[in-house]
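One chain, subunit A, appears in both complexes that follow, with subunit B as partner in the first and subunit C in the second.
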Partner chain A sequence: MSAAATSLLAIRGLRAAYGKIEALKGVDLDIKSGEIVALIGANGAGKSTLMMSIFGRPRARAGHILFDGQDITALPAHQVARLRIAQSPEGRRIFPRMTVAENLQMGADATPGSDAERAASLERVLKLFPRLDERMTQRGGTLSGGEQQMLAIGRALMSRPRLLLLDEPSLGLAPLITRQIFSAIRTLNREDHLTVLIVEQNANHALRLAHRGYVMVNGLITMSGPGMELLQRPEIRAAYLEGGRHG
Partner chain B sequence: MDYFFQQLINGLVLGSIYGLIAIGYTMVYGIVGMINFAHGDIFMIGGFIALITFLILVSIGLTFIPVILLLVLLVAMAVTALYGWTVERIAYRPLRQSFRLAPMLSAIGMSFVLSNFAQVSQGARVKPVPPIITGGYTLHDSGNFAVQLSNVQIVVVVTTVVLLAAFTYIVSRTRFGRDMRACEQDQTMAALLGVDVDRTISMTFVIGAALAAVAGMMYLLYYGLVDFFMGFIAGIKAFTAAVLGGIGSLPGAMLGGLAIGLIETFWSAYFSVEYKDVAAFSILIIVLIFMPTGLLGRPEVEKV
Partner chain C sequence: MAVPAPHPASAEPTAGFGFILKKAVISALVALVLFFLMIGIRTEAGSSGQLIYWTRFGELAAIVGAVFVGSIVIELLRRWIGPVGGVELPASVRGGFAVLGRLLAPALLIFALLVPVIFYKERYLLDLAILVMTYVMLGWGLNIVVGLAGLLDLGYVAFYAVGAYSYALLAQSGLPLPHLTDAFPYVAFSMEQLGPWAFWVLLPVSGLLAALWGVILGFPVLRLRGDYLAIVTLAFGEIIRLVILNWQDLTGGPNGISGIPRPTVFGIPLTPGEHGFAAMIGVPFSPTHRLVFLFYLILALALITNWVTIRLRRLPIGRAWEAMREDEVACRALGINITTTKLSAFAIGAMFGGFAGAFFATRQGFISPESFSFQESALVLAIVVLGGMGSQLGVALAAIAMIGGFELFRGLDQFRMLVFGGVMVLLMIWRPRGLIGHRAPTVFLQKRTEISASLVKEGHG
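Here is the complex of A and B:
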């Protein structure tokens, strides 16, 4: 039995490029249902590219992406989203001139759902991030960085995703807010069995949170294994925890 | 004072027509960042379709004016919307990934194509129609000057207000409106949230063209004529209105339209008809010097 058959998301030999610059040089990655998987690596390693390539931006030049057994390599972005893959992308990308409520509504619109299901998702999101409840009628662009991050994750959750992709949720946030966000992710995974792929430069946090981790260097996966095990490896400590933490 | 009020009425009516066209410019600019120079000609096409539909309905024996007007409105909106959709599909979409000026040049080309198409198929002469809506009210008569409000003016203003209310509702309250605003703010993110960006852009052109068709029909009713060249100057005026109001802003387009209509009318009434366009464009220049983003425009730089 190949791993691809049992994985919720299976990436095989994925290559993608921006013009002539090859950003992914043959990536293999698996995420099983109910798992939190961390993808760590330095700036420019190709982590965000990998996440966006799941939505075909950039489109894969070779290789395959399978979601729940279905080949989604060539699917347009909006159809991938309708399969209930949600992303809180790099830079958060909330809609600055929409209210918080409208931003969340955009997430809910991504997938079909009854009014009751939508109300339940909204309640869940506002319980996880009570700050958003106080800001519902405010425009997205007026929120603080931490609130914007909560909104980006909340918006992704509104589509009741089967797979949640988080790109650097801790970037630029105060340690307290980062802890809140990571604890929300842990809660979602434990209580709702949400499957999560998290990209982080903050390797320490991410690997502690994750069941398994992958390390990416120059468009290739160089190491993988259980999160805590990766944390113990001296080469990871040297590259991403001690010297490389801010570099 | 009576003379002033009369001009105010005239200016608001003209401004309504400009505003309806201006919305098409500003919507398209908002979502794809290009000036659709063919939009004035879409307005002209709308006027012709209204005229043709009117003649057909009369020739098959319809006589009840309100029904005729309603049918003309619906047919003109639908057929012109199809033109708008087609123009986007064949002239702009293939160039969307190209350099920034390419779709704009293509739009100028489309403008020539549409006006020449109308000239060849409908002839170059001005097409007059007898007044369809007649009568009106005298609001105030001071003996030497009477303030008139004609029924056609009422129809133009009421139609504009009703359509704008419907349009505002669509943009601010419906899912389609939300998708449109999402595409305007971040197309990639909209796609990640399941929005079919291509379809949303198509629909934007369709709505813009439908509103231009209404303006074309109102122009036909108000001035009683259409010709193949009328899209050019009306298009430039409406474009000016959109820029004056702040390109990308929907209330700005309407406000800009009213402003241009009023400036033109008052200038003609108190100074000289010959220089009315000069007055309108001069105001545009002055406003842009002091408010580069227009009256209701927003600065390009945003907190992200």
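Here is the complex of A and C:
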């Protein structure tokens, strides 16, 4: 496949399991530089597992993960992060007793970069999410759900990532906040040419945002294509969009 | 007590009397069962070893009655005060507390510096002050592991023991110091005697050995958390103690090690005679000098522990410890190396435990496994938890309260533990996050405005 050569992230035949339960049964996925890719699917389809296996948890049992041509399948999580793959994990997982400023600082701590670069990332994050600027000295745990999600994304952006992985950024958020967060992701992609992989249950939002989408069922990719095209397909509409536009 | 109260004040304030009575009766019954054998029947060994016992039903009735009345009083008080934690202090009072809080640490430090001056004549109080400072230091050391890194360590005393035994054993056998020779292989080792410098050379060595044991403990528990980690560290503490107890050839077993060299003022011994410290500075010799010196020594060691902790908290490694306490998974996703972060917390915490151990050995002049029982670990952990996990000032206050309180209630004899337990329960009800539960942030805003200003100057902004 020549796609692997041009992809920023290329996943080939990835298998992963929790004990005896196989969660990924041979997944292929490509993300080109500057692209937003959405990964949609029902609960338990293996979306989050795929995202987490990029960070080596669970470890791949077969197959390869290539980042910029480098095989990162067996790398420990902290070394994956040092290649500037950043992650906003499912459930946000901000540090509740640390301040917003400290949370953001944590995002920059482990990856190499000069002070000026860090200051620039901080400026960028605070411009993107002005709400965080107002809350810099507040403890993370006192933020609202939407602000926590902004913080989780902002924290990931502090390492100036080449690839941003977002796991369910709309989880438990009001539609208005979800829209704000998705528009911030679009801004990042347009202005900073950030490459994004977004895992979502909110298929409507995610596919509208993404250049391309993948549909996952029971640990396998069953469909892929441009986001808007996937959105038009009747089987997708039936499976993920019934119950209205915010379904 | 025995019955959970289903929202007493809010639900039905008038229909509660029967409930209060029922609760008091149940409490009294529990007390009756509990104290029937403990207080109701008194046993003793007679002159020829036979069992003598007599009943004390009067006292038993008094206790049960006290529990009954007490239960009613507590329940009424609870209704009167309202639910715990619902009390908001007015802003002025809170502001006053904040000012007091800021002044507390400097005031305590100045008081600590003056302790030997104020209590120069009171040998007992000086001894107590040294003991308190030792626990302050141990508390600060364990605070790195438990308070900052969030790793529940029930075997901290192991590192205290490693430090103490390292110092005691090495002071007797000397260090294998290398020196150059003419013949092959040109480097030889001799067990050199350290003389008056023993303490100052062996203090860092003891700390490093303890740190090494910290890493040795750290490796197998890398994947453990919470209660599982607690059990393994508890076992580790016991293993170290049992090895010390049973390795008779090396450690002297239960007999311990005596004749451990006393500390010197950087090589000048604190002894009578013309080479002693007193003669050197031209004052008559007094045994109190050593106590004063020991106090300042442990104060300095404790302050170094405190200073290092405060510095580390502002560095990436300290931030990583705190973040790891909050959420290990998120840390990994941010590129924090959990292995090195955990091991460094164990190693640095253990190192300060080792320093404290070496100090303990040189202060006592004699050590035995009895000094390193699980109770010590529990006491230090209690100090950290009571102080408010992670708060340096809180730990110091808790150490003063616990060790000082222990001495204060010495007159109560066997009821000391009872008072102690009661106070602890009350404190955890009123201040569940510890004496000082507030966490001071380490990253501040002004840094950003400075940097952004410089960016503007460079023309980036």
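By definition in this document, the second predicted complex is superposed on the first by the 241 of 247 C-alpha atoms of A that agree within 3 Å, B and C clash if a C-alpha of one lies under 4 Å from a C-alpha of the other, contacts with A are read in each partner's own complex, and residues count from 1 in each chain.
Methods note: a residue touches a chain if its C-beta (ideal position, glycine included) is under 8 Å from a C-beta of that chain, and two chains touch if they have at least 3 such contacts.
All values reported here derive from a predicted model rather than from experimental measurement.
*Asks:* When the two structures are laid over each other on subunit A, do subunit B and subunit C clash or fit?
*Replies:* Clash.
*Asks:* Tell me which partner A:223 touches in the superposition: subunit B (first), subunit C (second), both or neither.
*Replies:* After superposing on A, A:223 lies clear of both subunit B and subunit C.
*Asks:* Between subunit B (first) and subunit C (second), which does A:171 come into contact with in this model arrangement: first, second, both, or neither?
*Replies:* neither
*Asks:* Counting only touches as set out at the top, which of subunit B and subunit C does A:97 meet: first, second, both, neither?
*Replies:* both
*Asks:* Does subunit B (first) or subunit C (second) touch A:119, or do both, or does neither?
*Replies:* The second partner, subunit C, only.
*Asks:* Determine, under the contact definition given at the top, whether A:137 touches first (subunit B), second (subunit C), both, or neither.
*Replies:* Only subunit C; A:137 stays clear of subunit B.
*Asks:* Just subunit B (first), just subunit C (second), both, or neither: which does A:87 touch?
*Replies:* After superposing on A, A:87 lies in contact with both subunit B and subunit C.
*Asks:* Give the label of whichever partner, subunit B or subunit C, reaches more residues of subunit A.
*Replies:* C
*Asks:* Give the one stretch of subunit C, out of 3-11, 21-29, 75-83 or 399-407, that collides with subunit B after superposing.
*Replies:* Answer for the clashing stretch of subunit C: 399-407.
*Asks:* Under the contact rule defined above, give the subunit A residues that sit at the interface with subunit B and also at the interface with subunit C.
*Replies:* Dual-contact residues (subunit A): 55, 57, 76-79, 81-82, 86-87, 89, 93, 95-98, 102, 105-107, 109-111, 155, 159.
*Asks:* Under the definition above, what is the set of subunit B residues touching subunit A in their complex?
*Replies:* Per the touch definition, subunit B meets subunit A at residues 175, 178-179, 181-182, 185-186, 188-197, 302-304.
*Asks:* Mind pulling up the subunit A residues that touch subunit B in the complex?
*Replies:* It is residues 55, 57, 76-79, 81-82, 86-87, 89, 91, 93, 95-98, 102, 105-107, 109-111, 141-142, 155, 159 of subunit A that touch subunit B.
*Asks:* Of all residues in subunit C, which touch subunit A in the complex?
*Replies:* 316, 319-320, 322-323, 326-327, 329-338, 439, 441-445, 448, 451-452, 454-455, 460-461
*Asks:* Subunit C touches which residues of subunit A in the complex?
*Replies:* Those residues of subunit A that touch subunit C are 55, 57, 76-82, 86-87, 89, 93-99, 101-102, 105-107, 109-111, 115-116, 119-120, 122-123, 136-137, 139, 155-156, 159.
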